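Okay, got some structures for you below.
Below are two complexes that have subunit A in common, paired first with subunit B and then with subunit C.
Here is the complex of A and B:
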């Protein structure tokens, strides 16, 4: 399986820069997820790799082959589209085999590969149906089968699950992940859904405004986001942010915000003390709620409950700590009621400190 | 509820009246005329099945039917091919695209008689523009409208030119409906330009093709103004169309009953041809 390399790739539409100096190496057999909001440039990057969009600057290589100027048909990649892009006038069998027929693959070989893909994706009973006679999930599987039979160098997925309902999306996510691990085909997968990114990706690239924010394993992005954007993007529910200042010495530094005081753990502070405004970031799952407040203690904040969402296994406790609305994700049996004064213990090991939106300290 | 119904009926009334006076009444009148002998002046006389019997053995009528089929056999393929190719060309990013689209649509809205007179001049054997070009590139001039073998093809080409803009619009609308992802998918799968057309564009334009074939068939069977203005049905009656023969019977020979019989027969022919076409093309889709 080949590797994919982006070298200083930029894309501009007129005066608008969509992708800026994008550098990335996708390892052989890796499933790499590009994740970001709309306008982050993730789809444009994928389309440049497919050859559907011209590269303004830089080059793209698949292994040692420079594909920057090649037509899509000469790149030997296969793409699964958001709306699947199935040929509506052809049966499933014809949809699967057209690409091979166009490439003059022998009839027996086409037959073998279609049977193989249909078997792997449970498509046999559907082979003689047309796309509009299939459910969304089945169409999705056909689109994947059409990519598989080609046995391409690289798989490209462009938000393949966005048109499915939540249950099916979770199921297809598992199927895509399993399939990729079995086939070991180098894959670039684009999504705006960070849960999809976290569960599927060997590595994740977080994009914003056409620039890479962070590249890493899902757990690294979760544990050590490099900036406030990544910290807020990765993880559900999202991280709480509180604006404040640092006072005191390095040994006994304290985070101070309106209605909130929090002793920073020694050794979790940057070597130079930030003197200006800072942001404290705490994930909802890194807090513990004590339903009875017995006054402020070290490492905890006092709050008042404004909403409790019971999800079954976990519950979301929304509370106000001073002017800040925060959310704690808890598994307690004893949940506070709306209006209760509570004590929320913050896991100091997992607290993140941001200066100018860049992370300067925290947890390992 | 009742008021709503009344206002609904009132709003539909003008069109209903139009339909009754200009469509339903003439159709009924024609059906009655089939069984009458009438010269527009004297009182109509009941003629039984005389008109139909005459039609069955009228070689001039059957000659006109054959002529019209010759016209269609040239006009239909030419119309579909030219409209499709122009639509594909106009669907691409093109300088002055709106100008080109308007230019090709213009002949559709020009009166048929005007177009016929214009093309009579283009086709003129000695002074026509087309022969002028042929002579300039070293070919011999062709007596387009006066040679029995070229007259009908010449008229077919002209009618195709006049109507192409309308069918281009139909194809352009169809092209908008081909999903972008399908076009990109087949491109990535390795299709050449021709293969993209053959395996994706053409089959997805089938509904539009059925429409173009149907409309130009119905339109083609009513061929009248062009031979009437340009050839008068000649040479050697080769451009005598069904409607021209109907017109001659009605307003030159004043055989209203017989003319109505021709009209009803034409309606039946159009109906059965369109029915067969839909069957054939519909089956092609299933393949």
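Here is the complex of A and C:
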């Protein structure tokens, strides 16, 4: 399986820059996820790799072959689209085989590959139906089958699950992951859903405004986000951010905000003490809620509960600490009631400090 | 009460339908009536006869005119569909320099009434030496702005992912148009086909200007010359020749009716 390389790739539509100096190497057999909000340029990057969008500047290589100027059909990549892109007037079988017929693949070989894909995706009973007669999940499978039968060098997925309901989405996510591991085809997968990214990706690329924010394994992005954007984007529910300042007192560093004081652990501090405004980042799962407040203690903040969401296993406790609305994710049986004064203990080992939106905590 | 209202409704609709269909049925039956009966309003001739058709056929080359009309209308219809859809596809789905200008120009053509271009066009045909040729009848009609805009509007609704899929599957643009867009655009293609065919079929003024040779005349042209020139001699014969003009359009409509109505009801691409 080949590797994919983006070298200084930019894309402009008129005066608007959509992707700026994008550099990335996708390893052989890797499942790489591009994730970002709308307008982040993730789909444009995928479409440039597919050949559906021209590259304004830079180069795209698949292994050593420069594909920048090649037509989509000459790149040997296959793509699964968000709305599947199945031909409505053709049967499933015709949809699967069309790409091969156009490439003049022998009839017996087409038959073999269609049977293989249909078998793998449980599509045999559906082969003679039209897309309209299939459910969303089945259409999704046909779209994947169409990519598979091509036996391409690279698979591209453009938000393939966003048209499915939640249950089906989780199931198809598992199927796609399993399929990719079995076929070991180099894959670039675009999504706006960070849960999809975290669960599927060997590595994740977080994009904002056409620029890479961070590239890394899912757990690295979660534990050591390089900036506030990544910290806020990765993880559900999102990280809490509190604006404040660092002061040095009693020989240690202390984070001070309106209604909140918090001793920073030495390992979570940068080597030079930040003098201006800083942001403290705490994930909801790195807080413990004590339903009874016995006054502020070290490493804890006092809060007042404004909302409790019971999700079954875990619950989300929304509380106000001074002017800051925060969210703690707890697994306690004992939950506070709305309006209760609570004591929230912050896991100092997991606190992140940001200066100018860049993470400055030294350890992860 | 509901049944009563329904009966009232259907009676009203039946009367309306009758007022539309009666003149046509009367005309159809009149062609089979002998001269003495033509003046009556009865729908069924008491002494049915084919004399009107025989007279008509004997007096002017209607067979030849029928072939001319079929040739001209079919060629124009095919050309409008093929060239028009190619243009519409480019305007709807391709990005190129001058596309807005092309859109504006096509729209602009719609604003110019045909009567205004009649004389310049005639002069052009004379200059080209195309008077009394099929070229004069066919070539000015090969492109049609209305058809292009109708198809463009329809093509805009087809999902981009179908084009993308087709390109990834290895299709070129023409193949995408004819193997993906055409099958999905049957409603608009049928309506364009019917309108173009009928428009060309019924055209009298233009053929009258550019064709004088009887063997090149189209059916409505020959019919006009024949009836106005007094060649018909009787109203029965005139009506018989009008019948020959109408029947092919009715047949074409019957074939494309399903798509035609679908298109009029404004259906789009689903799935």
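Rule of thumb we're sticking to: the second predicted complex is superposed on the first by the 359 of 364 C-alpha atoms of A that agree within 3 Å, B and C clash if a C-alpha of one lies under 4 Å from a C-alpha of the other, contacts with A are read in each partner's own complex, and residues count from 1 in each chain.
The rule is simple: a residue touches a chain if its C-beta (ideal position, glycine included) is under 8 Å from a C-beta of that chain, and two chains touch if they have at least 3 such contacts.
The structure displayed is predicted, hence computed values, not measured ones.
With subunit A as the common reference, the superposed partners subunit B and subunit C clash. Looking at the shared chain after the overlay, A:89 reaches both subunit B and subunit C.
When the shared chain is aligned, subunit B and subunit C each come close enough to touch A:81. In the superposition on chain A, A:98 contacts both subunit B and subunit C. Within the superposed three-chain model, A:55 lies out of touch with both subunit B and subunit C [touch as defined at top]. In the superposition on chain A, A:121 contacts neither subunit B nor subunit C.
In the overlay built on the shared chain, the residue A:260 is in contact with neither subunit B nor subunit C. Of the two partner chains, neither subunit B nor subunit C is touched by A:179. Of the two partner chains, neither subunit B nor subunit C is touched by A:67.
On subunit A, the surface touched by subunit B in one complex and the surface touched by subunit C in the other have residues 50-52, 71-73, 77-79, 81-89, 98-99, 102-103, 146 in common. Taken in their complex, subunit B has these residues touching subunit A: 179, 181-182, 184-192, 195, 199-200, 203-204, 206, 285.
If you check the complex, the residues on subunit C that touch subunit A are 159, 161-162, 164-171, 180, 183-184, 269-271. Taken together, the subunit A residues at the contact with subunit B in this complex read 50-52, 71-73, 75, 77-79, 81-89, 98-99, 102-103, 146, 150. Across the complex, subunit C is touched by residues 47, 50-52, 71-73, 77-79, 81-89, 98-99, 102-103, 130-132, 146 of subunit A.
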